[in-house]
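Several structures are given next for inspection.
In what follows, subunit A forms one complex with subunit B and a second complex with subunit C.
Presenting the complex of A and B:
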């Protein structure tokens, strides 16, 4: 396939068409922050962290859902982008109850790492302190809505890779929640296969196995793409 | 250069940040060369004096903390929010998801360790808990923050040493940013 020319951060590249800006940047080792993106799953452009500037377009575009086009001029590191990334990260922290000190994923959390990357030292917005449920009804796993950032990686991995579609989303705005089946306890789910893929897909400590204590959670989000790739192999 | 005055304060927190401060070990001598610690939970003295730097641990949980932090703001040139509780309420703020009466009942009346006679303490000399726990920045202007639960001793020393030498520390550049 013919390659097309693009300019990213003032450097010229020849890249494959039909790829997203994010895919192209990842291949070229250009850092783009993401949260809702997980290789192997459909991209939905929900978290708004991968925003890039494209010359000729006034608004910022999400790199994960925008395809490259010939002669596109893309900027990934401008002050405008950094400003929005910081705001977005602060809102993640202010929206639910992220208490790192008591969290299973403390030290290995994608949200913490994101905070360090955008140089977040304090949250300028008032915390909402919503009363969130902790669903411990499943025999092995816990769903803690306090730590959920609504990336919906669990929803997509359950639907697209496991094919069970136990997880879904209800409500809008601050009331938005991940639900099991039709908003029933996870332990009573008739669709959940207890495969644990949602646990590995989750970027924070929202879904975790009961046999784990503070700071001990080990996740392997890369396994999702590994599975997807292996299924493509022809026997 | 005259010696600076340093204070450390313990509001609504567990004192873990102060423990971490003590973990700077012998480097306290480097701090002592540049500053006198004039007020701290480990220093005798009633009134909060005029200081150059105040390290304030914990969040604002009660009327007393509220008065205290306003007083500290007036008398400190540089106010540093010290630890996750001071910066974003952390564990102290976990009672914010419930109403205050529920919290009191859980702690004093219905706690498993209580006998049936449990009652909520109500002496006039006790502080009054506020409805919601808030970080320092919601009450006063905070000049610098050191997140972490607790912040590492290295981080604390780095920040103190920079301020005592009239430089502004940068946690991000120094790769010392940490929550939890």
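Presenting the complex of A and C:
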């Protein structure tokens, strides 16, 4: 396949034209922060952490949904981008009730890691402290909306990989919530197969198996893409 | 029906009107209906019948005539005499004077209560004089529920011309030459959009009409859909022919039941007469249109969210690229234009692109419909050439500020737009000039405010709207608009400090630049523009450090 030239952060590369900016950067070990992206699932450009500047385009583009083009000049590390990554992270933390010290994901959480990455020392916005449910109705799993960041990785893995479409989104704006079926308790869902993929796809401590104590949660988000690749081979 | 039959039917319809001495239009747009125009229509029709005048005078319901807060309106044609605030009681006096004695009834003439000398021919009134109607032409003069009325004013002639005398390329060239830009708000050149959809090769393409008008105080699209639905259908069919689509969707918001009803009726009539459906007018071109009703989400006016909604999915936007022109409805190349854009297509095809581009400014050609609202004497629907100044609109057409008050600001573009202060009253109303002032043209909402408006409260109101209407998909819009709203509330309550104000400004720019779609991308506009033009109002509310 013919490769095309691009410039990323002042360095020239020859890259595959069918790939997104994110895919290209990951292959080249250029770090781009993400939260809603999970390899193997459709990208939606929702978290806005992967925004990059592209010369000649006055908008910031999400790297996960934008394909590279010949002679694209991409900047991933400008002051503006770093500033926005920090604000986005702050907003994640202010949006719901993220209390790391008592979270099952403590120490293994993608949101927590993001906080370290952008050197978050404080959150300048008032915490919204919304009233969130903890759904423990499922026999094995728990859905804790306090920890949810609305990345919708659970929604997509359930729909695209498991094919069950148990998860969806309801409401608008800051009142959006992940719902099971048509907003029934997870344990009463008629579509959930209890496969547990959403648990691994979830980047935080929002979905976790029962009988886990604080800081003990081990997740394997990479299993999603492994599954997707394995199925492709079978076909 | 074929070409000749259309010609015959149009002539027949014209002939019918010629035999009548007068036509009386009773405005049956949503606004006049809500103030009782349907009773007036019924009574007037009965009276004409009782008096045995039905062979001389035709009484029809029409679409919006413009001066909405003077309704219910009744127009006596061809004299073009408009009567205002007509009800079943004062209607008798109008009948006696105008119809029986054939002299205008002075005290009920349009603007009789506010003008020294009201005009017998309404077109001479300053409200209409400065206007130029292209998209709204015939709206208010014809019965939107009768296809014959549309034929009588040359309806479907543009479609006929496009199908038989022009190639798709020529249609696109004509639209390009007209230099018309998208009337939904962003102002993307329509011809270029058509061309890019045309160039994509696909087994199926779609045409979509965006009628999900949601800006507070805006009712341009509703009035066009209610007043002249066939014009939109004709525009869509021409677009379908130009880009090679056989299927169109009109997405109309559910809050517009009358527009939906009349548009669906228009589809039925057009299909019955072979102006939609298979082999239109005997040509090789087939095109059908379906209505999709919006369920109340403002974000569904955003094109990718609208497309998701038509597909039956949750109405949330997608990042662009890919643009709908490449991958739109069900992944197929899709042309999506606003109602008002389609309304201008038939005149462009009939009169030529050059004719259209002669109106307006070099960069913003043609006319624009505005919905005047707020503290203005004559609120309603107007259409003016691009480049008309805000002062002309507010003071000459709109009759100035209510109660002799003082103008403070005009808000254009709804929750995506900004506020224009008094010092910029002479701004030319075109896309670029408005953007330079930190506002946008938007779809045409124009809310006039007097000195009693608090600009921080105005910004807070629009931010609340965006916060509630954000789809919640991306972080900047979902959480950012909530934070901005809370900060504005804090400032308005007099509890904020300079730090809050600095934070507000930083966050506003972040939400504008980092959001996924146009809703979040423009949500900070009312805030940023009021900060720019009325900063002192913010600063006066800030707590000074002790």
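Just so we're on the same page, the second predicted complex is superposed on the first by the 233 of 235 C-alpha atoms of A that agree within 3 Å, B and C clash if a C-alpha of one lies under 4 Å from a C-alpha of the other, contacts with A are read in each partner's own complex, and residues count from 1 in each chain.
Keep this in mind: contacts are C-beta pairs under 8 Å (C-beta built on N, C-alpha and C of every residue); 3 or more make two chains touch, one makes a residue touch a chain.
All values derive from a computational prediction rather than experimental measurement.
Colleague: Using the superposition on subunit A, tell me whether subunit B and subunit C clash or fit.
Modeller: Fit - subunit B and subunit C, as placed by superposing on subunit A, sit side by side.
Colleague: Tell me which touches more residues of subunit A here: subunit C or subunit B.
Modeller: Counting residues of subunit A touched by each partner, the higher count goes to C.
Colleague: Would you sort A:115 into first (subunit B), second (subunit C), both or neither based on which partner it touches?
Modeller: A:115 sits against subunit B, while subunit C stays out of touch.
Colleague: Looking at the overlay, what does A:99 touch: subunit B (first), subunit C (second), both, or neither?
Modeller: The first partner, subunit B, only.
Colleague: Tell me the contact category for A:126 with respect to subunit B and subunit C: first, second, both or neither.
Modeller: both
Colleague: So in the superposed three-chain picture, is A:172 touching just subunit B, just subunit C, both, or none of them (first/second/both/neither)?
Modeller: A:172 contacts subunit C only, not subunit B.
Colleague: Just to be sure I read the superposition right, which of the two partners does A:18 touch: subunit B = first, subunit C = second, or both, or neither?
Modeller: Once the two structures are laid over each other on A, A:18 reaches no partner at all.
Colleague: In the superposed arrangement, does A:234 touch subunit B (first), subunit C (second), both or neither?
Modeller: Neither subunit B nor subunit C is touched by A:234.
Colleague: Looking at the overlay, what does A:46 touch: subunit B (first), subunit C (second), both, or neither?
Modeller: After superposing on A, A:46 lies in contact with subunit C but is clear of subunit B.
Colleague: After the superposition, what is the least C-alpha distance between subunit B and subunit C in whole angstrom?
Modeller: The answer for the closest subunit B-subunit C C-alpha pair is 11 Å.
Colleague: Where on subunit A do the contacts from subunit B and from subunit C line up?
Modeller: Residues 126 of subunit A touch both subunit B and subunit C.
Colleague: Spell out the part of subunit B that touches subunit A in their complex, as residue ranges.
Modeller: 81, 84, 87-91, 93-94, 96-98, 132, 135, 137-138, 142, 145, 147, 149, 171-172, 177-180
Colleague: Inside the complex, what are the residues of subunit A that reach subunit C?
Modeller: 44-48, 51, 59-62, 65-67, 80, 83-84, 87-88, 91-92, 94-95, 124-126, 128, 150, 152, 168-169, 171-176
Colleague: Where on subunit C does subunit A make contact in their complex?
Modeller: 297, 299, 314, 318-319, 321, 467-476, 478-483, 486, 503, 506-507, 510, 513-516, 521
Colleague: Taking the complex as given, what residues does subunit A use to touch subunit B?
Modeller: 93, 97, 99-103, 106-107, 112, 115-116, 119-123, 126-127, 129-132, 215
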